[in-house]
Each structure stands twice: as structure tokens, then as C-alpha cells.
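Below are structures written as C-alpha cells.
The following pair of complexes shares a single chain, chain A, combined with chain B in the former and chain C in the latter.
Our next item is the complex of A and B:
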């Protein structure tokens, strides 16, 4: 069906027709990433604002009874950072049509994501902070739990991708869903690294 | 051991496009399991109209109680709870869902796509909206929302709002992705219809603002859940205050920019001007930074509140120019659209006055009057204009012209008469927003009576509008067929049947653009 219409904006004639469906998964992932960036930015902004207020009033920040498990935090976040390489490796393997490497890389990505969640639960336990007991605890949990939920969502997406990889659904020509999953994963990792720096590194360092 | 791997042959895009539409189950099972954007869109529209009626009834209840007639329908605490539920319902259960639903239905048709991007995501968004709306209302019925006395009901309230914001975000993401990636060959983004543009701008704004609301709610949930420390309503009221409120009605402006040119038989003089107006509305509607209460004294707050008049004025100018240069046929969609434009402009003007700090209007009843003008009046009438205009495409019938005129008159009058007393009470008596107890003066008595009459008119208008839509839904089975383009409007959605077939178009449309003669 061909429909002729007049140019509504009065510029050059229409360009050559292009395929109707363009990078839907990738653009959807980028849209979700933009919304996720705002979400993480908002909770992080709330944390930094509360920190400024506390410091201006000479109140302790982190709370006096908080013991930052710096080594465990460092290892946990480094593990998350490492998972970004595996996610990228999974995409590269699919582009090279190397299925065995793709199996391995997707599996490692999911496992490292689960290890991050395990590490965070250990760190929360070691921190000894009761949620809501102080502004520090409220905002610290708001940031880290929100990020953990983002990682859970990314893991769920990767589990779906992993099943599809095992089912042989992707090929060098058809790897867009994997690219979308990689974008989401990189966002989860990048936001994690920003949180590590803002919440943990500047408060006590990795030592 | 030799191992052989086999892989299914990849399906080409052409094969996918040519695949027949999957059969959906009939009856209730079909509605519950559907991922067809047209069915999902209709469900969004029907549910949000139902909540519009509820919001109108709540408004009437508030007006009667404020009349101080001795009826004492609500206690002090309950009055504030009904006030907060009314505000939340109007913004997040009516206006945003209605326009997300309308965009879910129309954007694929307008861009020439056989389907919506992430159709199952759109269905999940709708059902998430329904469930979270039920949870939100249940939290109010159980113990009064954010001012509830038990931790469990406050948790329920906050979780309901978080789920609602996430559902609306998913719905908006599906629409924005469709507009960006699934346009027909030949349709560049700049040439996309203005309603689609408004869906991109308005949906994008939702994706920028609703996550901030979610973050805010998470920071309220943690102390409420674990320390019993409940935050205040003011922490989330920025969503329907100046300037964020304009972000909620960008799609309403898109409706007006589609309906008016079609109904006067004259395209906009400058398509690009419409795009710029929508962009400006979006730009001045960003208000997530208002989380900090000190921002109300900020120059940025004042500047953005004042600047919001510019796109509203430009919208009125563009529409006025189109009407004057065309040959208007006095049909219900045009009357509804022009009434909406007037109220949106009045709302923008009231918002501009509100941010002038020496007048001390922020936090008073002036704000709720402003929200009435913009959300109930401007956006509500735009929603009805959209229903009357696109009803042939949505249900395959025309809605009653007489009912359309009645809705325009009742809602226009109702919104002005409801908002007026609030504006007066805020300006003259400094009546705090959501307050029940106030000094009884002659002025307050008179305006209170007007407010009751206005709220009743508004509720009646909504009842007529919803009734007309329901009647259309039942008439569609036996009525005469409606032509593909009953208004003579341009646009891809008018090139297919009314209502469209399963995959929207019999063949993939290809847009060929020629210079105007």
C-alpha cells in the first residue's frame, strides 16, 4: 500500500524508504536505561543531599555505629565490574558464531550477578545498620537496595537470554536481543561502580 | 565422540511481517490474555474513564464538606485523605493512564506499524496499573493512605504508588520505542503526526519524572516500614504541582494539535511550530528537582513557572490561526478541543501567578484550583475531544454529537466553577491546600456554594461522556459501517478500516511525500 501525502514541514523530499522495524530491542533497552539512570541518580542525589545536611550540622556520617566492611565491599563490586567483561564476551562470541564460548560467557555473567547479590547481603549484615534508624541507614539502604533490584532485573533478562542462547536462537545476523541485554547489564555495572565510589570509597576507602 | 550442533534456521524480517495474526481466545479470556495494542489501549481508556468518574465524585464530596453546611460527611482527617486521593487519582489514575492508553492504541496506527513495540510489556503495564490502583484505593479504604495510623496501611499505600509509577513508566516506554523505531518507510521522525510527537515528548517526560517519584517513595517507605516514621504528602505532591503538571498534559496538547486542523479542514501552517510547542511544554514541564522544598524560593522555579505560559499561549495562537484560516464545522470534537485549549491556557496563567513569591500562593488552595483547571478541565476535555474524534477508529462508531456538546459545556463550566473558589480562597484567605477548617466569611460561603455547583456540573459532564462512550461500545455491533476517514483527516490511521484489522493495515504502508502544490 502506497500513500502519498504532502510534506508537512516544507523541507527536502522524502528520503528513500527504510525497513519498518529498526533496532526495537536496542532502543527499548536504551529507553529503559535512561529511566534507570534517573532512578539511580535520584536515590543517589537523596543520599548526597542528606549527607550534606548531616555534615553541615556536624552530625556523624556514616552513622557512629556503622562499620564499613571495606574489603568485602571492594570484592563485591569488583566482581560486578568483572561481569561486564563476560557480558561483552557473550556478545562477541555470538557475533563470532562460537556457541560454546557464548554458553560459558552468559553463564558466568549470571553467576557473577548472583555473587554480587550474595556479597551485598553479607555487607548489609556486616554494616549492622537497622533500616530507618537514622538518615544514613535510610538513604544507604535506599541506594543499595534500589541498585540490587536493578541487578536482579538485569539477571532476569540474562537468564532469558541464556535460555535462548542454549536454544540456539541467536546468530551473528540476529544478535540484537543480546546487545540489548548487554546494554542493560553495563548500566547495572556502571551504576554499581558510581555507587561504590559515592557510598563506600569516599567514606572509608578499600583498605 | 563426535558432537553435532543444530540450530533453527533464522526467520527473516519479511517472513515475520507476512506471518498471519495469531488467533486470540474469544470472550473474557481474550481480554485477559491479549497483547494486541488496540485491545490493551481500549482497556486503558475504559479503566481511566472509570477513575475519572470516581475523581469527579470525590471532588463533589470535598466541595460539599467545605461548604460548612453542618452535613459533616467527613471528619478532619478523612477530609485530607479524600483530598489526597482525589489529587493522586486525577493525575496518576486518570490523566496519565488515559493518554498512555490513547497512545498505545493510536501511535502504531499513526506511524504505520502493524503492532506496538513490546506488546506483552504493554499488557503487563496495563494489568500492573489495575492491580496497583486497587492496592492504592484499598490502602485508603483500610486506613487513609499516607496519613494512615498503621504501618501496614502506609506501606501498602507507598507500595501501591511505586507499582503504579513503574507500570505507567513501562507503558510509556513501549509507546516511545514504537514511535522511535517502528515508523513506516518514508516517515521520518520530524514528519510524524503531532499526536505521535506528543507521545514521544510526554512519554519521555514520564520516563524522566516517574523514576524520581519512585526514588522519593522508596525513601519514604524505608523509615515508614522500619521506624514508623511517615513522611508528608508534600514530599510527593510536586508531581501535580507547577511545573511538573505541564509534563502530564503534553499529550493533551498533541490531541488538540491533531483534532483542530482536521475539524477545520486546514493543516497547520507550520508543522514544525507544533513540534516546537510540544517540545517547549516538555522542557518547561520538568519538575523532578522540586523534591527539595527550598526550591520553591528558587529563581529556576519562578522562571519555569512563568515560562510555561509561552507554549500555552503559542498553542492557543496556532490553533486560533488554524481555525480562522479554515472552514470550521461546528462538531463536538472541535468544540471539546477548543474548550480544552482555553482551560489549558487559563491553567498556565494561574500557574504563572502562583510562582510569584510575594503573592504567597504556593501551598494554598490556589494550587488545587490550578490543578483542577489543568488536569480535570484542560486534560479531561482533551481526553473527551480525543474520544469523540477517534471513536470511529477505536470502536467503529460515531459518538453522539449532542452528548459531546453537553460534555464540553458541563466540564468547561464545572472546571471553572470548581477551580474559581479554590483560587479565590487561596488568594484572598490564604486557605491552606487540603484544609477543612478555615475562617467562615461571606466570601468563603458564596464561593463554597459555587464550588459545589461546579463540582456537580463536572461530575455530570463526566457521567454523560462516559455514558456516551459505553453506549458506543454497545452500538458498534449493530450499527452502520463507518468510513475509513469520516472527518476527511490526513494521517495513516485514517487509511485503514474503522476499526482496523488485526495487524492494522492490509499491506505495509509506504509514505511517499510530495511538495505541496
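Our next item is the complex of A and C:
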């Protein structure tokens, strides 16, 4: 009695997969970064336009009942800026083939990203603004929540990278996904610093 | 050397930066928002230009031969609307989060469906070098889910839109006549399609698309117009009782 293999498609044997192009993840990360740059620019432009309109009408900006928690905001954003060094450290560790440093750097990057989200949550709470209640509150949330979502996406990417680092999938010759994640992370940090300057420093200053 | 792609993106950068300056001056230095938006567009296109230069527009020179280029590997990919659908779902989710109601859950459902479809397709189209084999793999996994779900959604769409039309018509008898007429037309067209198998799939797709748009338009117009006055059985009995009491 002969045993026949089950072939649901009817094509046997299947041809080998085509090798992929190089630098796909890096170029993808750069395209995503460019798209994110335009996105952040659009919401920031909306915020500044609304501020110009409010100031032209002699309306308060920020809203009268908004008290900016400058210290908390500064600590939150400086923590995010610090995470850029850890992200770069992760790439350097992979290039040096130092697994232990790579574990630490990827973990610290993700943890600092989560601390940023926690800090922003605290700052939103301290501000006591409700989206839709005033143009300031609506535009402030539009900018900061959009940036927070960018950070969430970057954290998700870094969690994937961290798992692959723990799985030993990267080496000095194969570090492109780490470079792509570093590019995305640097974008999240840079856009955060621009937002800190435009929304918080210019409006309230460090106090 | 700046590559062709780099030249294109850097030209957009220069245009955006000049436009930002012109806009800022033309608006009397009163609108920062437009200028900032244009500057960020410039920054994004500069980034893409740098990527084009850094990757030499995707070309890779073969070792030992300056002029030769590595042949571009073009992967046969299936049509992929999933990134766009995921972006739509993310937008609906955010709007739903702000506005409340069912939109939020609808957005999450769209995102979930888009990612599931995207993952399966991504896996399938990397399986072999044969696109038809890959397509068959993908369809074998997804069709048992897609066909019933899309069928249910289609039936729900027809019920929702056509019921608005029937309820908006001025009389119940007219609604009945229209329902019979439309059902007859559908049956006749289905008979025609079955009888003439030479009708192409694109013609059939166009026919269904036009019918769907017409149904959606009629449903929206009827929904906005509102339902006709409908007497409920309870109201009739109540009216009869009142009439009897009045007669007594």
C-alpha cells in the first residue's frame, strides 16, 4: 500500500522563495520617519495657527485655568531625550557583538519610553484640561497625544527588536532592523523635543 | 553624487522652504502655523532625499565591475490594501475615542482585521517564488473566514439600506410593489449572468459596484427623509377602544 502525501494546492514541488532586496527595513523606517515628520508638522501647525488666532482676538493662550507643570514636563521630556543615547548604545553593542550590553540598552530604551508615557499621563492630569472645552485644550491634546502615539509605536518596534536581540538574531553583519528601530526612536525623541519647545517652553518656560 | 531620486526630493525641500518664507511674509508674519507646516514638509522630503542618496536609489554595484549594477529583484506581491485599511481603522478609532459610541469599537475591529489579513498575506507571499502558489496558500487560509463574514456584511448592508427605502415610501402597498419589482430585477439579472457565462468578471464587478452605490445612495436619501407614518397594532386597538367608548 503506497502512502500519498496530501497536497492541497496541486503544485509540487514549490519553487524556492525569491531573495529580498537589501536595506528594506532601513528605507521603510526612513519613509515612516518622513511621514511622521509631516504628521507632527501638521498638528503643530494647527496648534500655532489656533494660538495666533486666539492672540489676535486677545484671548488667553494657554487657557486661564491651565497651569503648566513645568518641572514635570521638563523631567518627562529630558528622560525621553536620554533614551536616544540608550537606543544608540543598543546599536553600538550589536556592532561590537556584545550581547550583555545589547540586552541592557534595549531594555533601558523601552523602559524610558514607558516612563515618558507615564510622565505625560501625569502632566495631562496636572493640566486639568478637557479636550473640546477650549481651543487650547483641543490643540494641545492633538499635538501631545499624536506624539504619544508615535512613542507607543516606537516602543512596540523596540519590544520586537528586544525579543530578537534576546533570541540572538542580530550580529555585527546583520543589524539593519536595529538601525531601523534606532532611526524611528530618534525621530520620536526629536519630535518630542520640538513639541516641548513649541508647546511648553515657549508658553511657560522652566519654572 | 546626488541621485535622481535625491534631486527630486531635494527640489521639493527647496520649494517647501521657499514657500514657507513667502507664506510667512505674505500673511504679514501673523500665521506661524502654515509656515511651520511647510517647513516640516521640507524636513520630511529632505529626509527622503538623504535616504535616496544613501541607498543610491536602491542600486547596488556588483563587486569588481564599476559600471555593472546588481539586477533589481522584484518580488511578485499580491495586492495589499491592508496598510491603508489599518490607517483608516486607526483614524476611526481616534475619532471614536474622542466622539464616543460604537465608532471606537468599529475602528478597533478594522485595525484588527487589517493586521490579521496583513500578517497572513505577508507570510504567504514570502513562501515561494510562485505568485499563484502563494495566492492559493493565502486564499486557503483566509477564504473560510472572509466569505462568510463578507457575506454577512453584504446581507446586513442590503437589509439596512433597502429597509430605509421601503420605510420611506408613502404607502405600504407601494413598498410591497417596489420590493417585488427589485427582487424580480435581481432574479432576472442573476438569470442573465448564469445563462451567459461569457460576461466578464470586470463587467460583473462594475454592475455590482454600481448597484451597491445606488443602494447606498437611496438608503442615505431615504434615511434622511425619514420613515412614513406607520400605525402600530397597539395604536389601532387603542384607537378602536377609544372610538367605542366615545360611541357609548
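Before moving on, here are some points about what is shown:
Following the convention adopted for this analysis, the second predicted complex is superposed on the first by the 187 of 207 C-alpha atoms of A that agree within 3 Å, B and C clash if a C-alpha of one lies under 4 Å from a C-alpha of the other, contacts with A are read in each partner's own complex, and residues count from 1 in each chain.
The working rule: a residue touches a chain if its C-beta (ideal position, glycine included) is under 8 Å from a C-beta of that chain, and two chains touch if they have at least 3 such contacts.
The structure displayed is predicted, hence computed values, not measured ones.
Once the two complexes are overlaid on the shared chain, A:173 sits against chain B while remaining clear of chain C. Looking at the superposition, the partner that touches the larger set of chain A residues, chain B or chain C, turns out to be B.
When the shared chain is aligned, no partner comes close enough to touch A:71: not chain B, not chain C.
Contacts of A:130 after superposition on the shared chain: chain B is touched, whereas chain C is not.
Touch criterion met: A:46 reaches chain B and chain C at once.
In the superposition on chain A, contact of A:96 is made with neither chain B nor chain C. Of the two partner chains, chain B and chain C are each touched by A:38.
Residues common to the contacts of chain A with chain B and with chain C across the two structures: 8-9, 11, 14-15, 17-23, 27, 31, 34-35, 38, 42, 46, 49, 131-132. Against chain A, the residues of chain B that register as touching in their complex are 5-8, 10, 13, 17, 112-113, 117-118, 169, 173-174, 176-177, 180-186, 188, 190-191, 207-208, 210-212, 214-216, 218-219, 222-227, 229, 267-268, 270-272, 288, 291-292, 490, 492, 495, 505-516.
The part of chain A that touches chain B in the complex is made up of residues 1-11, 13-15, 17-24, 27-28, 31-32, 34-36, 38-39, 42-43, 46, 49, 99, 130-133, 137-139, 141-142, 145-146, 168-169, 171, 173-174.
The part of chain A that touches chain C in the complex is made up of residues 8-9, 11, 14-23, 26-27, 30-31, 33-35, 37-38, 40-42, 44-52, 56, 131-132. Within the complex formed with chain A, the residues of chain C that make contact are 30-34, 36-37, 39-41, 43-45, 47-48, 50-51, 55, 58, 60, 72-73, 75-76, 98, 126-130, 132-133, 136-137, 140.
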